[in-house]
Structure formats: C-alpha cells, structure tokens
Amino acid sequence: MNAFVADKALTPAEADGSGEPETLLRVDNVSLAFGGVKAITDISFDIRKGEIRAIIGPNGAGKTSMLNVINGFYHPQEGTITWRGTVRRKMKPYEAASQGIARTFQNVALFKGMTTLDNIMSGRSLKMHRNFFWQVLWRGPAEREEIEHRKKVEEIIDFLEIQAIRKTPVGRLPYGLQKRVELGRALAMEPELLLLDEPMAGMNLEEKEDMSRFIIDVNQEFGTTIALIEHDMGVVMDLSDRVVVLDYGKKIADGPPEEVQASQAVIDAYLGVSH
Amino acid sequence: MFYREAGQFKTSYKADQALFPILQDRIGIAAILLIAFVVIPAFANDFFLTSIMIPFLIFALAAIGLNVLTGYCGQLSLGTGAFMGVGAYAAYKLTSIFPDANVIVMVLVSGVFSAAIGAVFGLPSLRIKGLYLAVTTLAAQFFLEWCFIRIPWLYNYNSSGAIEVPRREMFGFIVTGAEALPITRYFVVLCITAGIAYLMANVLRGRIGRSWMMIRDMDIAAELMGVRPLQTKLMAFAVSSYICGVAGAMMVFFWLNAAEPSSYSIRLSFQILFMVILGGLGSLGGAFMGAAFIWILPVLLKFVPGALGIDIAAETVEHATFMIVGALIIFFLIVEPHGFARLWQIAKQKLRVWPFPY
Amino acid sequence: MLQGKKRHMVGSASASPRGKDTFPKILLHNARVFGNRTAFREKDFGIWQSWTWSGVSEEIRAFSIGLQSLGLKAGDKIAIVGANRPRLYWAMVAAQAIGAVPVPVYADSVAEEMAYVLGHAEVAFAIVEDQEQVDKLLSMSDEVPSLKHVIYDEVRGLRDYDHTHLHSYASVQDKGRALQAQSASLKGEWEQGLATGKGSDIAVMLYTSGTTGRPKGVMLSFDNLVISGRNGNDFDHLDETEEVLAYLPMAWIGDHVFSLAQAFTAGYCVNCPESMDTIDVDRREIAPTYFFAPPRVFETMLTMIMVNMEDAGRTKRAMFDTFMDVARKVGEKILNGEKVALKDRLLYRLGEFFVYGPLKNRMGLTRMKVGYTAGEAIGPEIFQFYRSLGLNLKQLYGQTEASVYITLQPDGEIFGDTVGKPAPDVELKIAESGEVMYRSPGVFVGYFKNDEATASTKTPDGWVHTGDAGIIADNGHLKIIDRAKDVGRLTDGALFAPKYIENKLKFFPNIKEAVAFGHERDRVGVFVNIDLTAVGSWAERNNVNYASYQELAAHPDVYAMIESHVDQVNRDLAREPMMAGAQIRRFLILHKELDADDGELTRTQKVRRSFIAERYGPLIEALYDGSATKHVRTEVTYEDGRKGVLEATVEIRDMPLHDAGKSFQEAAE
Amino acid sequence: MLYDIFIDPFVQMYDMPDFFLQVLWEGFVAGILYALIALGFVLIFKASGVFNFAQGIMVVFAGLTLVGLHENGVPAYLALILTIGVMAVLAYGVERIVMRPLVNQPEIILLMATIGLTYFLVGFGEFVFGGEPKQMITEELGLPTGSTAFEIGERGLIILQHIDIAAAVIAVVMVIALAIFFNKTRIGRALRAVADDHQAALSVGISLNQIWAIVWFAAGLVALATGIMWGARSDVSFALEIVAFKALPVLILGGFTSIPGAIVGGLIIGFGEKIGELYWGGLVGGGVESWLAYIIALIFLLFRPQGLFGERIIERI
C-alpha cells in the first residue's frame, strides 16, 4: 500500500531531464533612467524555463521598473534583453503579449467596468481572430469562437475557485479576490512567462497562503515560468527556485533562496544600513 | 417581483451568452418590438410619427453611434454633429450621382464616407487623451461645417446652399421627398435603427467590444495584453462615425427633407452627447432612453402651456425649454451620473431580489 | 443468518416487475424508455452539463467494465467518498452491475472515523472526489489493508502522484471504452452479467452515524430500495418529469433513496450543485419539483428571510407583514383545499403576487410539487410558514434500517405534531415499552458483521425496533415523543422526555440546540445553545457589541431573551397533562457552539447526549447544586484540526414553574 | 498654385507693411480676448479640476446682463455693480448647486454639468433679456471710443480703435491683478495649494467650497470684463458663443493650468487665424477663421500633447 505515497513533486525544469535547463529570458547590463533619475543600473540576470524566479528588494529598488523593461513597457538606455535566444529589438508594449509574456500589476489594473468573466475573457483577445463582419453577424463563426474560448476561461475560473463571482462586476470584489481575478486574466493568455508584480501586496495571511498555492499550482499544472516581485521575504523564500535582490537599482545578490538569505548585502539592505 | 428566475437554467454557453438570458427580458423586448412595429403604426397620427417617433429613432441611432466611441471606447467626441453631416451630404451626393440606385442602400453606403473621415480625425487619439481629445474633435466639427458651406459641389451649387431630398420610390411606395408618407418613413427609420442596434449589440458582446472596453477601463493594461491601441481606437471611431453618418443621412432623408450646414452644428453634437450621458455611458438601452428624454421632453414642454390654456410667445417657450433642459441635465447628473441605464439596472435588481433589499 | 433474511425477503421481491429489480437493470430499462430524457445534471464550468439516460448508461457501462479490468469482483466493497457528483452516483451503479457493493461514506468525517468504516467494510476500491480525499485515504492506508485501488474524479494536484494504485475516473472509463472497442461482444457480456443480479442481493451498505457507539453498516438489498422507491413515487405521484437537487451527504439514506432509488425507479432528473457555497443559487436555477431537506435547512432559510426583511425598507416590511398575516390565516386552509372566504382568497392571490411568489422564487421552490422534512422534528411555526406560502411541505418519519419510509403525511392530512400515517406496505405497532415498531419490504437485511446488533434490532418475524417512543393518535397518525431509551422519569416519578422539551426550545429561532437533563433527578435542567445568525443579527439591530460567540452567549440581554423563551416552553408544558410535571427549573447558555468536530453532534447534526453529559460534567453539577455561576475549561478542535482550550464562567438561571390549572386559565384568556 | 501658397502672401506682407501691421494688431486684440476667456477656464480648472465649458457663455451672459439692466433704466455704473453682484450670486449658486454634489465625479460628468450650465445660462439670459442682439454701452461706462490713425512710410496707414487699446490695457491690468492675488493674498496662496493637492489646501484651513466659490467669482469677473470688451467690438448676443469656443484651442496650446500659457496661447491663435484668414484664407474661399485655430491646436498637440507649459507626463504602472 505504501506504494501509494506520492513522490515529491518535480518542477518541470527538472522533469524534462535535459540536464542544464534552457534559459527563457536573459537580461544583460541593463540600465534605465527617467530624465536624470537612474531607476536601474547595469543589471544582468536570467530566467530559466519552468522556474519560479523572484525579484526582491526594498521599496524603490527598481523592481517594477525591471518588470516594465522585461515586458517592453520601458526601453532601457543601455543593455540587451534576450528572449528565447534572440536579442530583442525595440518593441511596442503590445508585442510582449504576442511573444507569450503576461503580467499582473502592483495595484490591481482590472477592467473595472466588466465582470470577472469578461475580465478573464479579455485575456483571450490575442487568441481570437474573427473579424468585424463575423462579429456583427455573431451567429456562426464568431459565436463558436466565443464559446470555445469561454470553455478555456471557465477552466481557469474553476482552477482559481472563483465560480461564485463569475458574473460579478470586479469593482465590487474585495481586494484579495480582485488580485485572483487579475491572475486569472493573465493565465487566460496562456503565457510562457508570467510576471507577477507583488501578487500578495495588502493581503492577509490566509489570502497570501491561497495565492502562494495558486502560484505553485500554475507553475506545476501548466509548467508556466514565473517571475515575481515581492518584498515580503518570507513568502518569496518558500515559493521561488531562485532569487534576484535589487537595492537602489543595483543587483546585490542572485541565487537560491537560502544562499541569498545568508548574504550580508541583502541583510544590510533589508535592515536599511546606510549606503 | 416580476423577475421570477427560479427554474431558468442554462445547459449551454450559447444560451448563457444570449443577448437576453433572462426570460422576462425576452418577453419585455418582444413587447416593445410589438408596440414599435404594430401598435404605433396602427394608432399613431402623423404628428406623433413625424415630430416624435421618427426624430427620436434617428437620434437614438446617433446616440448609439456616439456611445460606441465615448461610452464603450472611452474617447470623448464633440464632433458628432459634423460626422452626421458628412453622412447627410454623402447620401445627398450619392443619390444625385446615381439617381436610380435604391435610396436606402445609398443611405447605408453614405455611412462609409463618414466612417472614413471619422477615422482620419481619430488619428490624434493615439497621442491625445481625455479633454484634449475632445477639443481636437471640435476641429472636425468646425472644419467640416465650414466645408459644408464653402464647397458648393456638396450641395450641387444650388442657390439656397441647402440640400433638398429628391423624391424616391421603392416597391411603389414613396420613401423620400416631401410626398413620402410619415408611416413609410417611420418604418424605414425603425428598421434601420433596430437593425443597426442589434448588430452593434453583437459586436459589443464579442472580442471587439471587449477590446474597446479594455482601452476605456485601463488602456495600459489593455496594451500589455496585446490590444493594439491605434487600430482599436480607429475602429471605434470608424464604426461610431458610420452609425452617426447613417443617422445624419436619415435625418435629412426621412425627417427634414432639406438641411443646411447649421442643421449639423455643434449644438447637435452636444444634443447627442447629452443623450449618451443621460442615457448612460456604455449602454445601448440607455441611448434610447437618453434620446427619448432629450428629444421628447422639449416637444412636450412646447405644448404644456397651450394645454394649460396659457399663451406665451413661441420664443419665450423656446428659451424656457433651454433653461429647463439645462437644469434637468444638471439635476440628473447629480442624482445618477451613470444615467437612466443605471437607474433601470438598479430597479431591475430590486425586482429580481424582491422582496429582499439585496 | 443472512440466509434466513434472504428467504424472508423473497416474498416481497416478487412485488417488483421482472427485469427491473436491480438498479443496473432499471438503468438499461430507462435507457430504453427515457433514452433522450435528461437523467443527470451538474453545474460545472458555469453551465449545467447534462446527461441523458442513454448517455448515463454508456458512461456507467464504460466505468463498470473499467473497474472489472482493474479486478473488481462480485461481493467486493467499494467506498464512495465525496460531495454529490453524477460520476460518484454512476460509480455506485457501475459497481452494482458487477455485483460489488458500494459503501458511501461521509466525506467530511474525521480521519479515524472514516478509517474505521473503511476498515470495517473491508473496501477493496475507493472512488473519491479530489486530491483532498486521496490524501485522506493515503494517510489511512495502513488501517485499511484491503484497499487495492483509489480512483479520483478531479485531476488537479494529483499529476505527480505515483499512479500504480491510483487512477483517474476518466482513465478507468477510457480503459472500459477501449476494451469495448476491442471486443464487440463485451457489451453483451456485461449486460448478461448484470442480468444475473437478483433483487435480494445487497445493493448498498450505509453506515449509520449511531448516536452511541461505533457506526453500524446497514445492508440494504435492491428489493428494499427499489420497492420503497416505487412506493414513495406512487405515494406522491412522482414521475420522470421531476427535478431534484442532490446536495445532502451521499452516505445518508435520505439522499440515497431520493437521488438514486427514486430517481432510477421514476426516471427523473438529479441535479448536482456547482459547489457547497453556490447551493442557494443552484437551487434557484433548477427550482426542484421534489425537494427534501432536514429541518435545519428550512430553519436557516427562514432565518435568512427574516434577517433580509429586517433590512428591507419600511413599506416593504409592512407589506411583507400584512401579507404574511393573511397567509398565516388562510394559507394552509387553501393548500388543504378547505373553504375560505372570497375576500381572503383574493387577498391571498394578491399576496401570492407581491410576497409569496417572490419568496418562493428566491428560495428556488417555485416549482416544488411536494417537499419533505425529516430526521428531526421541525418547529410548527417554521413548518406552517412554508405551508402557508402554498408550499406542499410534509413530514415523514424514517430510518436507514427501513430504507427511509416508515410514516408519511398524506396530502391534506398535515398536523404539526405528528409524522403521518404508515407508508405503503408498512405495518406499524407500539410495543408495551411504548417503543414504535414496524415491518415493511424496506426492512434492512442486517448489520454487516454484527449479528447480535441485528438480532437486537430486528425480530425473527421481521419487526424492527425504531428506538423511538411514540403514540398512534386516534386519527391513525404517529406522534413521536422521544428516543425510547432517553424517555426517563424524574425522582418524583413525573415523565421526562428530553427531546420533547429540547424541540420545544429549538422551535425558537434564537435557540440552535438544547440539551435537557432530568432522568432520575429531582428536577429538569437545560443547556441552551444560541443561534449565532439569529441572535447575531438581533444584536446588530439593538447594537449589542460582542467580540465572540462566547461573549454574546454570556450577554445579560441574551440571557433575558432566552429566559423568556424558556418560560414560554414551561407554559406550554404546563398545558399538557403528561408533561406538566417536567418543566424546566434551571437553564444555562453554553459558552461554545456544539460541534461535530468535537464529537458533540453527529454528522447529521444530532446531539450526542451521553457524550455531552460527561464532557460538561461540572456544568451539570452546577445545574443541580444550585450555584449561580460556574467556571469551566473546555478543549475544542478547530477546522484545521488544531486543539485549543476555551475558558468561561457560565451563569445559571432559575425558572418559575407554572401549575397546570393556572396556565389553562391563561390559555383561556 | 504653389506660388499662391508659399510666395505670394509674403510678397504682399512686404509690399504693404502697414496692412500687415494692421493685421498683426487685429490678431493681437483678438488674441487678448481669447486669452481672457481662456484665463477664466484656467482659474477654475486649476482650483477644481473642472473643465468649465460655460466660461464662454458666462462672457456673453455677463455682457447681456449689464446691457439688459441698463436698458431697463439702471444707470451704467450701478448696472456694472449689479452685474458684478449677479456674477457673485452665479458663482455661489454654481458652487452650491452644481460643484458640491458632483465632487469626485469623473471629469466627463463635470464637463457635462458645465455644458448643462451653458444651456441654462443661454435660456435664462434670453428668457430675461430677450434673444435679439444688443449694443454694448461703451460710452456710458466711460470707455474710449473712436480711433486714431498712424501714418507709416509715405502712404501707409494703421487705424487703432481706442476700445481695442483699452482692451489690451485692461487685459494686462487684470493679469497683473490676478498674479498679485495669487502670490500675495492668503486665499490666492490657498488656491495655488489646491491646484497642487487638495489635502494641502485643507490643511491651510480654507474649505474647498469657499475656494471654489471664489474662483468661480473670479472667473465671473474676468468674463464680465471680456464681455464688455467684446461687446464693444461687435454687439452682444449668444452668437458670441461660437467665438467663445475659440478659447479651447488656446487652452490646448497653453495647457489647462497655466496662466501665462493662456496668454501666449491666446496671442498665437489670434495672430495665427488673422494672418491665416487674410493671406491664405482667400485660396480656399475664406472663412477659415472658424476652424484654423483648432487645426493649429491639433497639429501642435501631436507634437506636444501636454501643451506649451504643461510638464511631460511619464506613464507609470
């Protein structure tokens, strides 16, 4: 009977066996400045396929800016970004989506006027192709397409256990649920790389636990690579495979959680030792 | 109370995504259509048709058009009047260039021209947002108005500078021109408005409608989710202008018989905007309610004094009407900034949970 | 012994038409006659996924053959663990088709409880809902050595588990389908196989969460269930057009009969809710035509209504009150088809439009043809409330051992204090001890591996001891007083029926539970458990602030309120000659909510008197040693299984007695 | 054709400098008046974030009230004072009835409200004083009339309307007055605080409601002055409404919150459209004044979406 007892779950990275896991995205010596203000200075790190990568650091460390660089919302003055082996040219923000990068936002950026269902459906936009004339007719192709994507979305709703709020306008939802819906919206894009900007900000302990569970499940069920920002050390440490630590726009540590935790620089940064 | 939804369950997404998933709503709509297509034609007199129903439907259509742009895509426009004008003049030219072509087809085609022009004036929306954009749409308004005056070709060089609608027949009925019967015009207008409203409902519940609302609610998020801002906004401008264009064309062809540039002045733009705002941004039903309010109220006001046996100079009534409408607009913005549509929603919700408060 | 039982059963077996005496056979029959009628629905992925009878029979066949290929044999026991889902119902029939015996167990029961049942039943297979249940079973794999395979429905989270003995429901079905594809004859063989099943075979084993001691496995034959099912359908004229909502524990006889036995025999549609927290919505969407619920469900619904109406606007409330008065006056009369003044009739019509209809709509009972409540006595007010709305709600008296039906209230013969007349084919008698006994085709075969229990419950000639004390009124209706063994006497010899008193107390919405003591004592003392929803909203309205249940329970105002209730009960008792002697002398409000996790209640929310008696020993002393307050420490278990200690000082109140004569005058006034 | 567009106009400017100067002057005066209307917008937008569409109408309304009162036998100066009173009442009323209930509503709703106000004022004005155009009571108010001609070169001649000069002067005075009001007075400083952030203002200890009432009154005064000037050049009627819209492109050039911006913008538009009209308008049949301003603004916007003096918006998420 003990044959039953389950093995420890493998991260897809390990699962695919191929010794050195492939690098999904690499950031080389990237610097970013607004006017005179330097937000990011000469940062390099990589994100491997199938891992959960955390970017942490005190407030104003340039975490969000880093994310915005990764999904092409900001354009670094220096440095290169390599996405799946090819150096990325300057691109429009909306191109990131078609490359398979989805994200959530620090302060929830849901579409307030729409229901939970529509918000998550909106994540399918890129995958829907029926043109205006089919849409006008609705009956036939457009409707069929809508339904086929609705199915996908319902799976996500089921996955995130938000059936009860399916048809509620997101504006009325409590903060914790809004964050969950936003995650759902990002998942609907079936991204290769999922960027989470402080997924647990402003949540109570229970909500945090739920959210961590969902993040891990996403990573394991769908094998989605995840890069997340968080300044709650605790959460990050038991969630992520590797951690980058930023402080004042500079990288001060990079490696597996326990290593990073031990690093003096990090401790200083968090204890706020003057620079 | 009237909404007894127990026992209404959906076994397919098709049914769940229907325009009116609730049985009672379907009944209601059926009733309204019945009234519009049967009852009114049967009992209404010419006055009611020509000075209430026809303009009401035309404005409702225009309001739908503007709603697409402002209510659903969040792009404020003050150029509606001009876009309607483009439709009107286009239709006029088309009918005079192709005298034998079916006039209704011409009216529908004329919208294409205003769509094109609307798209052009929509280009700035990529860089310009909110009130700034609103002001730039004034450029469209005044520039186009100017064109209507200064380009004689548009009104076939006739001395009056106005466009007169030629007489056209269809299946033996006179549909345009002075002799056309109100009832005929009414049916044409009703069919076109209802038809376009239905088609828009389809667009709005699908991918395209969603992408517009995404832009409206949170343009940055929308863009990062792969929605191309320019394309999406331009499409909204085009679609909106098309509908407004058709409405404008109908205005002259099936209601006024003749029109001059001033018919499509900024006043008209505001009128339509009011219909949209009071009706409720982002609601097709609201467009109709708004149109009804803004159009029918003044008409009623005109007749109130007469009814009360008081005789006041016409223009005094005119002024009074202006005052009252202005005041009412402010009043309604204060009580319910989201318009009649929201009021209806609230009422409906109350009826659904009746007798409970929530 | 079993042989004997079988022989005894043969007589009634003939009652069921040829070829339709087991559920697998009935399934094939339904697939033929009701082919395209909807048999099951489940709210899943936002819509009601539906299966027709022919579809269901295909699903079941595939799964059944899959099970066979996994080595399930006739006579094997197969556990069913999880919330109501079509696939779990199918699994039972799929097992029966092979001759295996399904054993549904309470999904929410604590690990050791479940471990005992599974071990005792020697289950070979387990069909479970999801990861949670799988983990539970894995954790107890050592206590249940007989368990060979676990099959789960929800894939989520189980991907990385070792699958040598673990299978997904779908994979088993696919296997079944694959096998059928390979050999065309397989389908036929399977059908022949199930044709060998006999009505006298054991259909299912249900473990009764006994109020005392270990749960006992009640073995029910197909005949038991099929015949009772048919009788139930005939009694209320139920046919294939009915819609029911399956939301009560599958391990409970009620659900088994309503959602399986009757559904199959009548061919009606069973609907499974999307999740536990969407039940209300789902009920509204489906609007069942045949609805069953234990009293507490109706109580909570009523409380919900009242709370909502408290928050409603003045006019609405006024309207509600006036029309509810009308309903109270004539509602039941109209429902019972008695004569009512035209004016009242019209008023009632009006009320139907403005209040009753909408209320029924909100509760999702608009289409309800007939509804039953059982398991415990329901408060007359509550019962009348629903009936006065025009809902044909009735009481029944039943047991697992009887395949539910013992007595039923026939239409038009509804009395709040009785549980109705004997159900079809049921013989009823009252033993000298005052205990109710019955004999019927539904009578169970026996307790699994527990012959002496069987013998003590069931006489050789088939009469079963209900364990309830009752009387048959002149109108032929049965009236239950209490558990036979609980009925006791005070030291002064007065008859003491705790349940009777407790129910009277529980009829007040503010009182959730009550436990009365007094057997072989000089007077009656009572523990009261307040209802958090009701009292809570009361507190909100009278801005009484409280941080915890404990604090609210100890609040003087609350005490005052409960005191008035207790006093009212005493008046009622005083009015009844038999009971007048056992009025409540002292009561206290418990500082914690009685909870199944602490073993104070059974899984079906019945109080475990003896357990409570020992757990709260000190408080009972306090009831009788006359002290005004008592300090107690109580160990509690939280949802997540952690244990903690609750400390409180509980106040005890004395109550005045009413003497019979006086209260009669009051009654007269 | 190309010649007509790119060469000929400049040749003309060179050939007839006096005419050119005249045009410039016309443009200057027009610009001043645009600037004044825009000023009203800016005042209110700075303090309450409300885009006051009714500003243009307030100009007409003020003028109309003044004239109307005088027509009904009220002596000019008294009429002036009364009008100021009316503007005060209007300001208070608007703050009380419109702004207060609508606080925190999306900008488009506020915009709508001011358009509603426009309708109301138009209706009210005409209802009380009748719809037909009126003559501004220039002399009665002791404003200079007539004109002076300057000789330039041998046969050159420029005519300056005294009223225009007065307009320019008053405009300048008013701007200076406002500048002082904003920088020196307590309320003024509070106003600036409000513009930056409302909390700050509250901490200064002045209620937003007061401040709004005040700015609306200030805007009313500006409107009155503009109304007089404008009325003096053409006559007073709601036809001016259209002209009032011109303030919008001015705002776009200047930015919604910048007073200097309003002035510079006003002048640009003023010059732009006069020159455009007189030197290029002919090519397309004239009347370009009605839209040229907007097109200028539009083109300008495409290059500086935040206006002349507004600072650059960095989009954050």
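Every chain is named by a letter (A, B, C and D) in the order it is written, and numbering of its residues begins at 1.
To be clear about the criterion, a residue touches a chain if its C-beta (ideal position, glycine included) is under 8 Å from a C-beta of that chain, and two chains touch if they have at least 3 such contacts.
Composition by chain, UniProt nomenclature: A = Amino acid/amide ABC transporter ATP-binding protein 1 (HAAT family); B = Amino acid/amide ABC transporter membrane protein 2 (HAAT family); C = Long-chain acyl-CoA synthetase; D = Amino acid/amide ABC transporter membrane protein 1 (HAAT family).
None of the values given here were measured: they were computed from a predicted structure.
A count of C-beta contacts for the chain pairs B-D and A-C puts B-D on top.
Each chain gets a centre from the mean of its Cα atoms; the one farthest from the centre of chain D is C.
Computed centre separation for the pair chain B/chain D is 33 angstrom, with centres defined by C-alpha atoms. Chain C has its Cα centroid 46 Å from the Cα centroid of chain A.
The distance from the centre of chain A to the centre of chain D, each centre being the mean of the chain's C-alpha atoms, comes to 51 Å.
Inter-chain centre distance (chain B to chain C, centres taken as mean C-alpha positions): 58 Å. Shared interface positions of chain D, i.e. residues touching 2 or more other chains, are given as 317.
Multi-chain contact residues of chain A (touching two or more other chains): 73, 105, 109, 150-151.
In chain B, the positions touching at least two other chains are 13, 220-221, 224. The touching residues of chain A, when paired with chain C in their complex, are 1-7, 9-10, 117, 150-151, 154-155, 157-159, 161, 163-164, 166, 217, 220-221. By the touch criterion stated above, chain C contacts chain A in their complex at residues 44-46, 138, 141-142, 145, 147, 150, 156-157, 159-162, 164-166, 274-275, 277-278, 281.
The residues of chain A lying in touch with chain B in their complex are 71, 73, 92-94, 96-98, 102-103, 105, 109-114, 118, 121-126, 128, 130, 132, 135-138, 142-143, 145-147, 150-151, 185, 189.
Chain contact summary for the complex, chain B toward chain D: residues 70, 76, 124, 127-132, 134-136, 138-139, 142-143, 145-146, 149-150, 220-221, 224, 266, 270, 273-274, 277, 281, 315-316, 318-327, 329-330, 333-334, 337.
Those residues of chain B that touch chain C in the shared complex are 1, 3-13, 15-16, 353-358.
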